[in-house]
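Each of the two complexes below includes chain A, the first together with chain B, the second together with chain C.
This part shows the complex of A and B:
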């Protein structure tokens, strides 16, 4: 492991320690906000490992989250399966079901790929309402789903641990040769093929990792909310929030989506006491736009250049 | 490098710390009421305004619980399930409210219900009528006992609508077949299930076709053509979102089939202008008090204050949940006075179950804001409705108000209640072009 990686791992460690100490100094209300930030970070990282790295833009991530959410909700709520079985089953279902659906999509590029993934989301949205509504709960969904833990502090630690472990593993993954090859696909897929690498396998791998992460996030999310409804998962706004978190934080960096998720969630909740209505979404849109126009590579890049400036100033 | 990371983290910590700061300054020792629901819809505004008028009244009378003033804090759900859960968390963990009044729609209420059970916060729903929530209170009373709903649940609404179906649609009009046009929402899906299971078999009306349309539909011509092609005796519309669109196009297209059902836009006085004056002939089921409903003295006084306070700002006539919010607040605080506050919860719940605002008109029961108690059985349906408003679904409606009325829009822009007979002040009509 090189010196830079070790230093950055120190940064992760420090981040983990500080976040673990946070419940000692902030209110439970703040922890509740951070819990949603953790979920958004997991979903945004899931999107990032597929779309941010390979350039294959997915508009269907709620489809993956929905498979996981509904699988664990139905198994645990309808059939009494213990959640320590239903959650892994949900992740497996997301990977299997999602992969089967996405294999043909991996042969399609660009806008078509994005639209096909969007279609998957819409299909599952309609399916949850019309196919066996007594099992899925139909349009009203399922309420009263078992929670893993209760209370702000336990949920904060649980979701932070999940986000931190996923983030760290993905960050390490993108620094391997596979991670570099995935980035190369985004730059010039033909060149990667010419180099003798199997790009279909690489893309499939990226999707499976992405599906697994979305599956873990989706299953935990539903057991945190205690309910699931089609409108809550397959909402275009939910999809946009995931995309914006990844883009505004810095797509393709893994750390960026985490920053983006914290930034967006905290900005919205910070504005709530002052602007409780729709106005805060207007302001949020402006702030997001300004950040994105000023630095299209996201906050991650903004922080990196600030750090460089500081280093130059000191030397 | 490490120093730079530390600097970055320090910035993040400051940002997080700022979020943990106490909420905006509020008057010392106030009682906090939280509103959860939409800020932008007419129905959401109705609950907010009904709550505000009740607060003004209670504060003007010297305050509550030993002279404390009531303060209202609001959390927008944008009619989104996850946002509703966040809003419920915000009201409890940041604002520390004592009581929550809700104008949420079905799936949003279902979303935050588990948080309510966790926080044990007394909560009153004024809009959603989903019986699934009442069933949860019946089945697991200890977990959900802090929940009250002061609009008659959809099952009770449907039972009385069955009577309308039998008495008016089948008997008076001679209609035997229907095409159901339903928007793609949780609310409409639930209503359709009730029509299929209860209305159609009991009123002996056959469903020829069931059409589900997207709430963003702008052109209803193909849908109406499809409905008319089945040659039903009437169309049953279930619409709660942008309901003026299917209604106005129905009139504009002069669809050759009568139409009734549930049209939430037609519950508001703005329906006439929203539909471009094309609302004549539309009828809709409505919880009460509704447009066209003769108001008793007390409710008329509430409406007068509503008009004085909000003037021409829509909705110029509060939807039923505006009245529910007003009377529900009076219920909740009267119970709190007797219980010594909203905590301990059991004491407040017990007193809320004993609440009973009876409103008479011309010497007979007109409205009633009370609740079904645990174990109490409604005689017609032979089932429990714990913590649902104490409705009455059997004439002469002397144990409570009926669960619903049917209101009719006429081609001159006026409205009347046409069912049940005790409350009727107009006649059920088909549109002019079908007469």
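This part shows the complex of A and C:
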């Protein structure tokens, strides 16, 4: 492991320590907000490893999250499967879904790929409503699903641990040569083929990792909420929140989506007293736009340049 | 007689009603340098695209080291030892020179990609071997001149350890000094690493000292083949290529 990575690992450690101490100083209400930030960070990282890295923009991530959520919900609630079996099964099912998701990427990219993934989400949305509604719960969904732990503090630690471990592993992964190869696909896929690399294999890997992360996040999310409904999972605002968290934080960086998730969640909560309705999304859209126009590489890039300025100032 | 390194037999390529290549046949021996010339639209780059499987031939056969490579994808052909440059250099724009070379040195084994560390010394060696300074190896392509971008293309191609290198308009956009440097580099790499070249170029003056043999294409058909002097004095070539 190189020196820079070791140094940055110190940053991860510090972040972990601070977040572990947080329940000692903040209210349970804030912890519940942070729990949602952790889920959003997991989903945004899942999007980032696929779209932020390879440039295959997914508009259908709720499709993957939905597969995981419905699989574990149906298995545990309808068939009484213990959640330590239903959650891994949900992740496996999501990876199968990720393979389906991957098929169009063999032939198309850009806007066309994004639209096809959106269609995947819409198809699953409609299926959950009309196909076997007795199993999926139809439009009302399923409620009364078993939770993994109860209470704000245990859920905070559980979701933070999941987000932290996933984030750290993905961050380490993209710092290897596979990270650079995936970034190269985004820059010029034909040139990657000309470099002798099998882009199909690399893309499939990115899709599988993305699906696995979405699967873990989706399954935990449903067991945290204790319910699942198609309108909650497949709502367009949910999709945009994931995308904006990744973009505003800094796509392709893994750390950026975590920053973006905290920023967006806190922003939404701060806006709640002023704008209790859906107009909050309008305002946060504007904030996201301003940040994105001012710094297209996201908050992560702003922080990195601030750090560089500070270190130059010191020397 | 030794087996040719590359054999192209009766190669055809049509785009709808447009016949870009009409039954092209040629061989190239290991260590040889072949020039491929012709007016704009003659089909020169199409030949490279077909050899690399960036386009599918309408008919014909391409054999490399005696084996038909029709079923091999682009990356597999590169692994066999065929590499190419492009008319407009295609670097990975947001990566440094070293990282550009790193991508081309990467393996297809996912586990090795994850667990192995980049060979920075080898990246530097390749960069220096095409004339980059230590400082240039750390910069991004946007900071490089056209001549340096051509060097980067060479470095990336050397990193894949080719046997046959297809050079498309390798002198385009270069100053006379840069042309001399790139020519020198090509000669040096050929001598040191035994590379075989097919060079497409409109700059006949730069091409002349490098090639052993020249093929001339016009409207997708081979109209002349021979030494540089032979083809340049060919009546058909002068008519088709030089408009005389």
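We adopt the following convention: the second predicted complex is superposed on the first by the 303 of 315 C-alpha atoms of A that agree within 3 Å, B and C clash if a C-alpha of one lies under 4 Å from a C-alpha of the other, contacts with A are read in each partner's own complex, and residues count from 1 in each chain.
Definition applied: contacts are C-beta pairs under 8 Å (C-beta built on N, C-alpha and C of every residue); 3 or more make two chains touch, one makes a residue touch a chain.
This one's a predicted model, so the numbers in the text were calculated from it and none came from an experiment.
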Touching partner for A:238 - first (chain B), second (chain C), both, neither: first
Chain B versus chain C as contact partner of A:109, first or second or both or neither: neither
First, second, both or neither for A:176, with chain B first and chain C second: second
Partner chain in contact with A:309 - chain B first, chain C second, else both or neither: neither
First, second, both or neither for A:14, with chain B first and chain C second: first
Which superposed partner A:195 touches (first chain B, second chain C, both, neither): second
First, second, both or neither for A:184, with chain B first and chain C second: second
Which of chain B and chain C A:30 touches, first, second, both or neither: first
Interfacial residue positions of chain B with respect to chain A in the complex: 1-2, 4-9, 12-13, 15-20, 23-24, 39-40, 74-76, 78, 80-82, 85-86, 89-90, 93-94, 106-107, 110-111, 113-115, 118, 130, 132, 136, 184-190
Residue ranges of chain A in contact with chain C within the complex: 2, 173, 176-178, 180-181, 183-184, 187-188, 190-199, 201-202, 205
Touching residues on chain A, where the partner in the complex is chain B: 7, 10-11, 14-15, 18, 22, 25-30, 32-34, 36, 129, 133, 138-141, 143-145, 147, 150-152, 225-227, 229, 231-232, 235, 237-238, 262, 266, 269-270, 272-274, 276-278, 303, 307, 310-311
Complex contacts: residues of chain C adjacent to chain A: 52, 54, 73-76, 78-79, 83-84, 90-95, 99, 102-104, 106, 108, 110, 113-118, 156, 159-160
